Amino acid sequence: MSPELPQPLGGNEMPRFAGPATMMRLPTRESAEGVDVGFVGVPLDIGTSNRPGARFGPRAIRAESCLLRPYNMGTGAAPFESLTVADLGDVAVNTFDLKASVSIIEQELAAILDTGCRPITIGGDHTIVLPILRAIAGRHGPVALIHVDAHADVNDQMFGEALAHGTPIRRAIEEGLIVPERSLQIGLRGTGYSSDDFGWAATQGVQVIQAEQLWHRSLTPIADQIRERVGDHPAYLTFDIDSLDPAHAPGTGTPEIGGLTTVQALELIRGLRGLALVGADLVEVAPIYDSSGNTALVAANLLFEILCVMPGVAYSAE
Amino acid sequence: MSPELPQPLGGNEMPRFAGPATMMRLPTRESAEGVDVGFVGVPLDIGTSNRPGARFGPRAIRAESCLLRPYNMGTGAAPFESLTVADLGDVAVNTFDLKASVSIIEQELAAILDTGCRPITIGGDHTIVLPILRAIAGRHGPVALIHVDAHADVNDQMFGEALAHGTPIRRAIEEGLIVPERSLQIGLRGTGYSSDDFGWAATQGVQVIQAEQLWHRSLTPIADQIRERVGDHPAYLTFDIDSLDPAHAPGTGTPEIGGLTTVQALELIRGLRGLALVGADLVEVAPIYDSSGNTALVAANLLFEILCVMPGVAYSAE
Amino acid sequence: MSPELPQPLGGNEMPRFAGPATMMRLPTRESAEGVDVGFVGVPLDIGTSNRPGARFGPRAIRAESCLLRPYNMGTGAAPFESLTVADLGDVAVNTFDLKASVSIIEQELAAILDTGCRPITIGGDHTIVLPILRAIAGRHGPVALIHVDAHADVNDQMFGEALAHGTPIRRAIEEGLIVPERSLQIGLRGTGYSSDDFGWAATQGVQVIQAEQLWHRSLTPIADQIRERVGDHPAYLTFDIDSLDPAHAPGTGTPEIGGLTTVQALELIRGLRGLALVGADLVEVAPIYDSSGNTALVAANLLFEILCVMPGVAYSAE
Amino acid sequence: MSPELPQPLGGNEMPRFAGPATMMRLPTRESAEGVDVGFVGVPLDIGTSNRPGARFGPRAIRAESCLLRPYNMGTGAAPFESLTVADLGDVAVNTFDLKASVSIIEQELAAILDTGCRPITIGGDHTIVLPILRAIAGRHGPVALIHVDAHADVNDQMFGEALAHGTPIRRAIEEGLIVPERSLQIGLRGTGYSSDDFGWAATQGVQVIQAEQLWHRSLTPIADQIRERVGDHPAYLTFDIDSLDPAHAPGTGTPEIGGLTTVQALELIRGLRGLALVGADLVEVAPIYDSSGNTALVAANLLFEILCVMPGVAYSAE
Amino acid sequence: MSPELPQPLGGNEMPRFAGPATMMRLPTRESAEGVDVGFVGVPLDIGTSNRPGARFGPRAIRAESCLLRPYNMGTGAAPFESLTVADLGDVAVNTFDLKASVSIIEQELAAILDTGCRPITIGGDHTIVLPILRAIAGRHGPVALIHVDAHADVNDQMFGEALAHGTPIRRAIEEGLIVPERSLQIGLRGTGYSSDDFGWAATQGVQVIQAEQLWHRSLTPIADQIRERVGDHPAYLTFDIDSLDPAHAPGTGTPEIGGLTTVQALELIRGLRGLALVGADLVEVAPIYDSSGNTALVAANLLFEILCVMPGVAYSAE
Amino acid sequence: MSPELPQPLGGNEMPRFAGPATMMRLPTRESAEGVDVGFVGVPLDIGTSNRPGARFGPRAIRAESCLLRPYNMGTGAAPFESLTVADLGDVAVNTFDLKASVSIIEQELAAILDTGCRPITIGGDHTIVLPILRAIAGRHGPVALIHVDAHADVNDQMFGEALAHGTPIRRAIEEGLIVPERSLQIGLRGTGYSSDDFGWAATQGVQVIQAEQLWHRSLTPIADQIRERVGDHPAYLTFDIDSLDPAHAPGTGTPEIGGLTTVQALELIRGLRGLALVGADLVEVAPIYDSSGNTALVAANLLFEILCVMPGVAYSAE
């Protein structure tokens, strides 16, 4: 391990319930310069159509991430032994204007990407994936999108608006930010306005895997499918916490029953190892709807697992 | 779709967190006349032996049902395209007298059934299934009962009382309201006073499927079994939310571990399509024991799924 | 009592935990035509700078208002014996665009006012008072404003925006919607950016009564002062629930310690009897921050008290 | 101090969060024989018209009473130095039949009273005061009643029923269980069906002190008034936790704003010292509506204060 | 059934929400003399490294155990028909000194073991397994350890301390309290300081089964493996509630995602029938992190299942 | 205002729900060098005798302090215009050993004091005031102690231990760390083991003001008394959040009814302006017992008020 790599503050130096509430107790960096992977918070929730509160997602996820130790016992990943990882703080969104915030987010993410850093964004509601994908495509061109979610987010409009947490994937496809033939939507379920709700993306070439196809199954084979479809194309993972069943992630704005277990989520994310991930996000944690704090804890763990499959992460000899 | 059929109020007309808190944001009807399927609340919980609060079940389930859109993405069901569905409001139970309430409920349900409407009742504790079955049998004769529950509810007495939430199925069998040979109890588990606790119904001819038989399994084959046993006999579904594991439905009065997942509940209910259902209920949601509101959300979704398997529901071309 | 006046549904007809969750269990009216005083919900919270959730204010307040009986035991007011009071439902705000919502609210309130109805609005965050005052001034000309709040809400901008829950009073004064010489701000306290935070309104002629002046005191003499200042001018009351101390109203977005008790709030509102109130609102109840539901209950009670001081309310012989 | 008097288990012998969850960590007695003052739980809540949950009052109050030490620092009372005090356990109510429970309670309380023990009952909803007063009057004749409550509880009927938590005081007066001329109702407030709601008891001779008369005041002079009115007549105190403001006691079924503070409750109870109290109760704690547990803690403290003013309690030299 | 065997208080004698809050509503015994299996609380949580609150585990688990009836419907076990089972109360730990508490616990457990009683301990944090194992080994010699947990608890030190909830298994192995070759650790997962975190016990001969090996599987075959490995050696089961997934047991101090379901826990424990269990414990329930109370309910059920596999338990004819 | 003074991050630069969760959104400093007043967290709660959780006090208070703006509207104090104020982070306590932690805290506080910085400590349980006073006395000699609390904290021992959250003031007096003749205890109340519980400090010369003396009163005259008694002696303020009534501060470990309001707390603290305060602390916030987060919010506000009365704070022209 390079001695200069930043390390999470250990529990033997400072109790886990104390110390700075940064992501994984990592050092904060004001700039992404020299950072391989940077966690960045986007505390926006005015794109939410039902329960609000995802604005507190970044703070709560950071607080619960204090329990994470640096080594992945399930996979052997040791991200801090080979990468410079830091907490880049929060994007200063305009909480009174959704359209203005979308611009701010694109700009801030573009600045991070310009340094060569791969951002892992902590949401915030799912509207944020549109400006992120704009910035990503600006840097890397259209990407393969791995979209894990209960909802397709391909509405043309919500209440007459083109921008909301139920429309970003439609916009992203329309704007050519992703490569449909290399993209997937996984975990869709619930109720819709018509059968078209999940069908539009498929007509654009995206592969749609509904939740029903995942019930009672390991997702390791699904991850194999994903890897095959994505290939070595630059890829982006957007993970909506409501892809999980409400039993596992109660603290979210539009929960849908019949969802993934955390076991399945772990299998899915771990199976992405080897892809050319240029960034990722985890969105829609609304902490106030979860009095135990465990939805944020689940999110913190999944963010760590996402970190562990970023290119360049060291793994212990297996 | 017939233009006169009542439709749920859409999220693009009124935000989902606003507007009338009726079931699925459907119009309210004072009478069941002309209604194919009517949701009716029975806010009774004085038959409860442990944690109370199911009296707030109807209100909470209606509130959380605001998230439901009209089309079932999992099965293609589009109930509002072929049926007149309405919210019939609540039965005015006498919350100070259980026996009086049982009479009131039977009377009110009989009045609904007299119009030809098929009621889906929102409980309330499980005592209510007795007066409902009395009304159902009064209209349709003895029915095939599909009873999904953690408990057999076949106690002879509770604290010396013949009426309580642990006795209705015994009473229903004794009174000849159901056809045991076409009936099943599914999901029973936990602790009892003796092995007889689950055995009595079996001795009367009811098929009992304990939870242990369902572990790690899809319930689609179980639903096949149910359909075969019930045949084309008029059937009634009573679904106790505590059939679910407390991880999925924490807000209930007598939770038992080792229960169904929502995935299994969806498989079970969806598998009932084609049966001659004359009514159904979902009972025992005690919202105050679930700070996130998600137990009511689970219930709202399952009630929608029950609606989707009522006879006459349109399905999109498959 | 005129037999045609709509009455709240009584607890002896339907248990209070059941029945329609309308304001005070009153009938709903689609139009304000013929309604003397109408409750209207404005479920907007995207003007909030800190904790969101006021979008669920109208639903929660209506639910908790089920406990209210029709007669005010403290004052003898019997509003339903002389006035037609109804629940007018919710304004369909655009939850994705604050500016658009402000227009919608103004339009909807103007339509209600056009019928001669006096609206009592259930918020929602405090941004909504601006479009309401625009509609009010459009109908009645500039009004005397009685503004009860922890915050002055006279920021010039928040995050560069002219519209947000911290700016409406400044806008209202700038736009000439109120008559400063007849207006007051009551209960201001806490922290600010500078001494100017509370001073600006005073420079415009508004009387400012900080919370410190109210500590340990009955507010009956304050109400006397208010009545004297307002005189017989058309008056509007805007009541922010955070004027109350967090001990009394925990469920709000920007709580400030050292606030009013409910006793003081009752004294204040009851003391407004006799004023020419043309409307009122109660805002900033964020129910999810109050697990007992009691903040909504406090709000429901205060809304009833506001109803009781509307012109034309009958009082029992005293 | 007599060495044989039972003492609460001390915090230096067993941590306060551990050990038996009896009232004040006192020994349990199966019989009241030889007990001067006995705490008895009556876990009934099916007389409740709104939020249920008072059935868990006795368990929660006992659990929170673990924090109480044996000496009253405010008054010098040392009840365990002169009295035999014990926890008599719970009355086995029939939770499925209110009328049956009322009989059971009367019988059980009569048995306790027969031993000469003075019972302090832990409710349960307020219905229970009727059977208690029947037993009390059976033993001591009609008593002076000190009734502290937000509600008069003098409804003639609720939903057509003579027995419910809103009727017991009317029944008690009608049955001649109390002496109106020596009785008082303190703290009444809120809304009612008509001005008669509080007036009936007054017409029977009971003195009614509405909450408004208590605002901003010490209750020590009120207690003086009570003592004067009661004189040396056998007296009974029934204390409804909803006499307190919801800020102080959120966990109750029918909260009313504008109520007593705990300071006022302490003044009131402490001021009863010297009366010939033959029993007392504290009712309507519904713990699940109070996530902190503090309503039960308030109740435990007030029950201790009630114990401290029972006849025969030793006081330290003053 | 021997008529003298103590029986749980039945729900038809005393409502389940009332009566003494002892484990399973069993009688309390001050001494273990004559008791076959005794439940004992150890309310220690100062060995916890993250969220505290396990000190309230025994009280909460006892309270929720009120729902348990005496007969195991899943397995036919009827423990109270053949064994004397009692609640032995709590160990009076020193909550201000971890090392002193460890001594106290060893002493108290040794005293229980001396009577021939097999203790089932209700924690408390996992530190307590060290003094328990010391007492167990003192009585029975080194035992086969069945350790179900998310964490290996084999840290050499935590914050420089040899005693903490993350070290007891290392100490136990070092002190020769267990027989590694007959011992297992089951359910380990999450993050660690290095690959060594789970490896050390394996180097000592303990079999380690990580959670990943259990995903999507029945644990009945795992239980077969355990029985084979343990053989007829005296065995001890230590069950950390955080072995369960946070969806099933949110109320714990250091939750880890991807854990066991309650179904798997039931399979595992039921599969231990036939082993020579000399004691067991269930630890790390922190009730305040679970507003529904269901984590304590899960724990109460698992403790009952553990009781059901103790040697000598009667089973109904199968 | 000196341009170099650190300023809290404003709400117009970064939404208040986002950005670094430092105290008042101030910059963090690793060393106290050059800092006039430094906030320091001491996340210790193993000295607690009842409910734990104060270890999360610093994190929760910092999180809720995000709502604070830099100017005190009640008093005109503008601390950041004249002082260098910073967040010094947390002391790395040993959460497994109370005695070791006491040493660590003394050492860390001494280091801060050595720089000339005046520390405001965020607890943690009240045990921490002993090592703080040791460090304070080491720097400044014995101080005048202003001790605001429900409890005297002068037990000789708790469970045989000299160090615990109920003993620090006795130890401090015994060790000569304070000047009794210039010290006060304010707000004491509740129950005790004997009258001596509050009397010991008085016998040592400390002035004791019980809560009863403060009921229904402004504390401004009490503050006058305090200032007179303390004079210009170096003074230290220790503020236990449980001095407040549980209505105002539910989230604490040993709540006592009949306590201060936040209004009284504000009067008390504001009245200390002009004293030679060399440090202060606020202790015993246990956030998990307060689901709204408002206890931490109250604490954050009181800590700001304490900052505002530190010597050298600028006040706006009055």
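Each chain gets a letter, A, B, C, D, E and F, in the order it is written, and its residues are counted from 1.
Keep this in mind: contacts are C-beta pairs under 8 Å (C-beta built on N, C-alpha and C of every residue); 3 or more make two chains touch, one makes a residue touch a chain.
Note that this is a predicted model, so its numbers are computed, not measured.
Shared contact partners of subunit B and subunit F, listed by label: A, C, D, E.
Residue contact pairs shared with B-E exceed half only for one pair among C-D, A-F or A-C, and that pair is C-D.
Most remote from subunit C, judged by the distance between CA-atom centroids, is E. If each chain is reduced to the centroid of its CA atoms, subunit A and subunit B end up 37 Å from each other.
One finds 40 Å separating the Cα centroids of subunit D and subunit E. The multi-chain contact residues of subunit F, meaning those touching 2 or more other chains, are 15, 17, 49, 51, 55-56, 95, 158-160, 216, 245, 247, 289, 291. Under the touch rule stated earlier, the contacting chain pairs are A-B, A-C, A-E, A-F, B-C, B-D, B-E, C-D, C-F, D-E, D-F, E-F. Those residues of subunit F whose C-beta lies close enough to touch subunit C in the complex are 10-12, 15-17, 66-74, 76, 216-218, 245, 247-248, 261-263, 266-267, 291-294, 297-298, 301-302, 304, 316.
Every residue of subunit B that touches subunit E in the complex is listed here, in rising order: 49-51, 157-160, 188-195, 197-198, 210-212, 215-216, 245-247, 250-251, 254-258, 289-291. Of all residues in subunit A, those touching subunit C in their complex are 45-49, 51-53, 55-56, 94-99, 158-161, 163-164, 288-289, 291.
Of all residues in subunit B, those touching subunit C in their complex are 13-15, 17-21, 28, 41, 43, 55-56, 58-59, 62-63, 89-93, 95, 291.
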